[in-house]
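You will see two complexes here that share subunit A, one where it goes with subunit B and one where it goes with subunit C.
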Partner chain A sequence: MAPSKTNSAIENESIDPNELKAELVAKYPTKVGRKRAKQIVVNKVGECGEVPEIGANARTIPGIITQRGCSYAGCKGVVLGPTRDIVNLTHGPIGCGFYSWLTRRNQTRPDGPEDANFMTYCFSTDLQDEDIVFGGEKKLRQAIREIYENFKPKAIGIFSTCPVGLIGDDVHAVAREMKEELGINIFGFSCEGYKGVSQSAGHHIANNGLFTHVVGLDDTVREGKFKINLLGEYNIGGDAFELERIFDEAGITLVATFSGNSSYDQFANSHTADLNTIMCHRSINYVAEMMEKKFGIPWIKVNFIGAGSTAKSLRKIANYFEDEELIERVEKLIGEEMVEVEKVRLEIKSRCEGKLAMLFVGGSRAHHYQDLFSEIGMKTVAAGYEFAHRDDYEGRGVLPDIKIDADSRNIEELEVEADPERYSPRKSEEALERLEAKGFRFKDYDGMMPEMESGTMIIDDISQYETEKMIEVYKPDIFCAGIKEKFAIQKKGIPMKQLHSYDSGGPYAGFKGAINFWREIDRMVNSKVWGYMKAPWQKAPELTATYAWE
Partner chain B sequence: MKMKRVDYVSTTNACKLCKPLGACLAFRGIEGAAPMLHGSQGCATYMRRYIISHFREPMDIASSSLGEKHAVYGGGQNLKQGLKNVMNKFGAGLIGVATTCLTETIGDDVPMIIREFRKEMEEAGGGVKPPPLVYVSTPSYSGTHMEGFHAAVRAVADQLCTDNCLCADPERKFVNLLPGFLSPADLRHLKEIVDDFGLGCVMLPDISDTLDGPALEDYEKIPAGGTPISEIRRMGSGGATFEFGHTLEGSLTAGMILRERFGVTLHQLGIPIGLRETEAFFKRLEQVSGIPTPEKHELEKGRLVDSYVDAHKYLFGKRAVVYGEEDLVIALTAFLVEIGIKPVLCASGGRSGRLASCIKRVTDGFSETAQVVEEGADFYKIEELCEGLAPDLLVGHSKGYRLSKKLGVPLVRVGFPIHDRFGAQRTLHAGYRGTQMLLDRIVNAVLEKAQEDSPIGYGYL
Partner chain C sequence: MLLRHTTKEIKERKALTVNPAKTCQPIGAMYAALGIHNCLPHSHGSQGCCAYHRSTLTRHYKEPVMAGTSSFTEGASVFGGQANLVQAIDTIFTVYDPDVIAVHTTCLSETIGEDIPQIAKKADADGKIPRGKFVIHANTPSYVGTHVTGFANMTKAMVDYFAESNGRKIDQINIIPGYVEPSDMEEIKRIVSELGIKSVMFPDTSNVLNRPQTGRFDMFPKGGVTVEALKSAGDSRATIALGRLASGPAARALDSKCKVSCEILDLPIGLAATDAFVDTLRKIGGVSVPESINTERGRMLDIITDMHQYFYGKKVGLVGDPDQLISLAEFLVSIDMWPVYIVTGTQGKKFESRIKEITRDVPHEVKVVSGGDMFLFHQWVKNEPVDLMMGNTYLKYISRDEDIPFVRFGFPILDRVGHSYFPTVGYRGGMRLLEKILDALLDRKDRDSAEESFELVL
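== the complex of A and B ==
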């Protein structure tokens, strides 16, 4: 049976995205509307992949119900959260620590039963009135001592919440002092929630801290011919385990992952790898940049979301090492894996082809997951990031043009120089030229927009009102975002997939992950359960023209 | 009682949430209300995701999204802009503004900002009148989510129940019910009970629909349900106020405000879980309504007593650890001693200073009183205290799962948050009926454990 076009796909051909944008913006007060107009873009891809400019990484408008979190969430929750053996101590009132207590569904696998795993713990100084008045440093010192006494961790990270910066506690001084006293590595992060415009600021602060205090502490060179780091992979739902399996079978040695299924020792040793591969460009490109400057490790962009993308990324790694044996081994692995992948893909494609998806999530997922959808014939009609910057939308080519605003200026940029002893370029000039001549690209991220069709809608930091409107106009077959959006969207009768914490599913990375994801999407978009809930326009088509608040 | 061991300064695996979260929950129980946090946007995001994963319902909390600049110069402009956007986009019938540690630390004068906002809106003309704006101070560094919850309820009563002339209702045919933080199923049942006594009921707040709504043909930006604002305004003319929570006694609560301002008789009771605490509630209802307990409830009570007897052989002498919000812990403890379970440890992250005395009171006359009572506890402390107490089961929310796994004993999930089981919003604990369901769950947990521990597959216990 030939795949039939779904109703929604037929209808949406008549949608004029420019008109829709005008309508979305018109609902706001003039000043707000002007700001949103920059962040809502109708995509137009030129012959050389050039795309329109989008407003991104700008302060959220108060009161519009954003998806975004804060700097603390990005630093403690996202980047450091998935590391099992660093004690993450929240310095602040209890809420922040409680809410970031393993809520991202990061998984980890300690090497043995004796190895530390603090991921199920939530440490806090639980600041009280008197600490706000008299300062919390004394309490912080004592909390660190107690943690050392009770858990003997290798390292402790201190994460500042809003009041800490305001009352003037110096977490860095306390960290230095306690490091000396206890003889373990202790470092602080000034990731107060009000810093920056979103969790993105926290990622940057976390990266700076890790690079300054941990990376490069252990020079032991591990065995392995092809040593890489994987950056910006956070092991949601077991993604890292599937990728570790693939690397293992391909004969690639994973020195460190930042930070899915990671440990302190991996970070300390990560500068011994010969290649940095980046998954989530937004959250971690800083570390790759700094490691290249200091240690001479080149970086490339990879994407292990999508079977085709996984194969492509593996080939890219193999080509970098220019080793015939590795190239052959990778090809063999891809060939074997693709048998099952193709079988499932074609079966599911027959049921999902032509259906529409929307993705509003993260700083890379809204881009990467489009590959998984397109592999089963589903089209992404609209997408946007929660906290990404212009380069994640338009590609790194725009980096020189990005204006630095006050919020970004407040986040420290580290001055990094080549390490006098340990800097060693992994590739000679000649090798680099040879690779580039063959079309190999380093530091290559083209962003999301060039890979999306012209006429699709790109919305940065989507508001709840815009979400509702987009759903009503496009009637997508699936909407991907986070748990905050999940139930509101499902109440509208639209299947909703969580791409932050994967609902209860995963892994979705790599070959087996792709199969998992497709099966789930198939079940979601074709489930009969939605038949019990009709979307408003299915019951009363006139609703497409009028809205309750008009 | 046992001697305390080390008193830790740090908190490891907290057994409480922060104050503004409770305020947002309470505001969500008012019809047409939009909760709004004045602070950094992360607070709203974190609390939304936590509340949503418990109730599996949408939960919007607006934020004034302060940045570094506002932390220095004040967040008034952001709050005003946020209020305007919430009004325009949501058509909110009430906006409940709660502060956070950020705005409390910088000392933003929220009542003044709100007054200014009202004035500016009036001066701007255009006939746009802001909805009622209720303000509550909820610095997260002082108290738990329950203090935030009660503070918000008090703020609503204080700021909306102001009109004396509304008290001219000689009939006083309805009662005010201030239930505290119970499940939507509990709230529905409580309304049913009051209704069965022929009384009208203004329940504040009422999250029974707003956080447990049906599938809808038309999605509503602000879910239907919640206490109507017009009803809140006439609470001063209620025949009586029932306020649940023993730890509230003596503090300035919404119930106290209604009594002081309008002379509404205040009945402060425990959460009606267990036979005696439920009976106390029914007795007061009989007094207020002048009619005896309807047969339906007498029968439910009779069945409950019957099942206490039936369950006794399974439960007698079992040892339980109870943790969570203070008033919930008190209610659960009162119930556990009735069914022959010894509450070896009663713990809460809260610090009302009243937990031990309230537990002593509700277990009075029972030989199996609480062995250890710990305020300001975290799970690290609870785990330490468990040593030597040999509990057979835990009763509390999902955060005790790690301990339950470590001790190898079942966890009966009660309270907030529950995000590792399905149906928290539909779980009934209150009244005779709720107690019955809780009893069944406890007995079954004990039976399941016994069955699983046996190497033989006994199917008859």
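== the complex of A and C ==
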């Protein structure tokens, strides 16, 4: 059941995407328009999959009404947020901690009633004006002591907000000092909101921190023949639970997930896995790269969004281990799961085929979810990321060509070397060659654009104005983005699916997730409610009838 | 257990806030600015602030919440955000064309000492502010006060920038409704007009954050106070400000700027506070209270007398904002409920003394704290449970762990609808509150009654 990816022009041929692009750009002040023109691209896929260059990971234009958030959100909210047993202490005024408190729908399942789970809590130093004037380090130290007295966690992460960097609080020094004093692991993140140009900077900072302070602390080798880590999976709406089920049934041992349904001990032990599999390339590829250099663990890109993609990713993992028994078990599992999946898919395809979707979200979801739509015959006419880089659009082949600008340079790039004792290549040179000869690709990601049709619109960091215009022109049957975009789109009478938090749904990953998602999309695009916008007297305002008593 | 680490034992905390009962100033400023017609709120800081505020307001209202941001980068944080704000002003007026851009600051822009009026002046000199359009501002450092302070500051900015007096009084009064829901603002307007009084209300988020589904999205919806109306506020006969904390500063500013005298009242939640509001309206407006209002009051009173047995002596724990809690506590005391734990995250000594005065005759120890958090509140509950809790959605974690009935009240409510459509102010709002309280208490009674005492008629 390979998703059909034809290169035929999109159905609505009356729309000229180049003209539309010109129209979008013309609305802005000239300078702003020039910047936006680089981030709005009409896709054109060459014979070898080459695509046009897109501007990405560039500064947002002030006032444009962006979807983007900040570095703190990417670090504390996205990457570290889903880990249940690290106390995440926000160092700053109260807001940042408050807004990132339980709002991302990361689910977690502690092993038992006695096991730690701090995700329902919000911890903050709640800085006041006197702290801004005299410095907040003293309060931070005291807050850490109070966390220890009240909660006795095994680890504390400190997250810096904007003013912390400006007043010069050294959270890393405080972390070291308090680690010494309390004897638990304490580490800081300089993820002030102004760092970088979006959440993406925060992901990188989180990756660096985890790698420096947690990964590799526990060398215990767990049982299991096929040990992997799953990176860039955040257990929104229970995605991780479905993937854990699948791995379990396939006989694959999941050492650590970064970071859906995860715990501190998993991170500490993650370097004992034999393969890193990456879901969200944007937010977590740094950890995979660093683990490969330091410990010799290869990484591959996977995608568990979409039933076909899930099957493909499972086969990829099985092929990596080159184990007949595993390959067979995976095939058997896929065969069993696909019975129900196909039944539902065909039923829903009959109602959704030919409908149009737009996806403007995240750093991988705008790509991955296209698979789920295409499996039920829906076309993605336009897509874009909120905070991704060029490699997520055009593929990792462009990495050498990406210019490092001032904003990216400010984010630390860790120097990593092979661990003198623990570096151990998981595959011999011959094995790697053998796999590559069979078409197996390591540390590779083709990006979103080569998989989209020519003529589709790709828009990076889409603005509110562009969103409205795209809807008016294409009249899509569904639009996918985040909570801030949701109700403006729905007010126009178009269903809007949140792909950050999944609204109230999920899981959408894996086989059962695909079924859930299709049923949800079916509900949304075929719902009666969108037909009620006009009252009877608005549809036929002319008064022709007579009063009943006449 | 959801909050499995919360212990009965209370240890003193000096530096650590756990599960806050407040959030930061800018979100309140953004909410207030949405109550100006044709206005785009603008956050002068990092992108994340704006994203967080828009997200939280959107989750609370399930409505579009539009706002711009200056998108500070590290460079702007070092060299100042003037270029960012000037570009934002240009882009916003060019693309979105509001009448007003209402700028609020953040902890970032306050820490580096940004001067918004100077930057606005620069934008004007550069020709970026079209004729007849306005850039207004409020300073809202996140490390001072709370979301309520931010609301108060932006509401005051409406006075500072727009209210003017040309010496001739207009036959209207100003109403500053406080940090309440759009439904509440609508209800306050209705009560005022029911008394036959003309009014200017600001801010006014009704028909902005509770707008109808029409198949159309308007960047700037029908609701909101107009600039013209705000200007005329300087010539109104008087101002009634509801909620000392949220509305007091604007009312006092109007008094000193345009000599419009003000009455600062409690939010009209519950019997006594609504009585005080209606009575003040009557006196200021020189009108008599119509029978329709008497009927509303009588109906509310009827619920209280009919169902008093279920309210009497029930212990209630409250978490919320000072203006709301003062009126709510007074209401609960007036129907013989016992508000025994009262927590707000907003600091203020007057709050504690006012609550103590209101709960003076409650035959039970009453614990009140301003500048407290929900962790402490939970610890109190663990030490001695209550029969009912009222507060924002975060209380549901405590409610489930401790198995205590819970009524959603205040900000934010992220998991239910209704608050933006149905008021809790006025007599009608009071009826709704009573209904909610009774539903929660009686559902519990029905759940917990032994079979032989399970009753059809309650």
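What we mean here is this: the second predicted complex is superposed on the first by the 522 of 550 C-alpha atoms of A that agree within 3 Å, B and C clash if a C-alpha of one lies under 4 Å from a C-alpha of the other, contacts with A are read in each partner's own complex, and residues count from 1 in each chain.
In the analysis below, a residue touches a chain if its C-beta (ideal position, glycine included) is under 8 Å from a C-beta of that chain, and two chains touch if they have at least 3 such contacts.
This one's a predicted model, so the numbers in the text were calculated from it and none came from an experiment.
By the touch criterion defined above, A:P62 reaches both subunit B and subunit C. When the shared chain is aligned, no partner comes close enough to touch A:L217: not subunit B, not subunit C. In the superposition on chain A, A:P163 contacts both subunit B and subunit C. By the touch criterion defined above, A:N117 lies against subunit C but remains apart from subunit B after alignment on the C-alpha atoms of chain A.
By the document's definition of touching, neither partner reaches A:V344: not subunit B, not subunit C. Touched by subunit B in one complex and by subunit C in the other are residues 27, 29, 32, 59-73, 89, 92-101, 103, 120-129, 131-132, 139, 142-143, 146-147, 150, 161-163, 165-167, 192-197, 406-407, 410, 463-465, 468, 482-484, 486-488, 491-492, 533-534 of subunit A.
Within the complex formed with subunit A, the residues of subunit B that make contact are 8-14, 16-21, 36, 39-43, 45-50, 52-53, 56-71, 78-79, 81-86, 88-89, 91, 100-102, 105-106, 139-142, 144, 213, 215-221, 349, 380, 399, 402.
Only residues 27-29, 32, 59-73, 89, 92-103, 113, 116-118, 120-129, 131-132, 139-143, 146-147, 149-151, 161-163, 165-167, 192-198, 406-407, 410, 463-465, 468, 482-484, 486-493, 533-534 of subunit A touch subunit C when the two sit together in their complex.
Residues of subunit A that touch subunit B in their complex: 27, 29, 32, 59-73, 89, 92-101, 103, 120-129, 131-132, 139, 142-143, 146-147, 150, 161-163, 165-167, 192-197, 199, 406-407, 410, 463-465, 468, 482-484, 486-488, 491-492, 532-534, 536, 539-540, 543, 548-549. Of all residues in subunit C, only 1-5, 7, 11, 13-20, 22-24, 26-27, 42, 45-49, 51-56, 58-59, 62-77, 84-85, 87-92, 94-96, 106-108, 111-112, 141-144, 146, 211, 213-217, 219, 345, 375, 394, 397, 414 touch subunit A in the complex they form.
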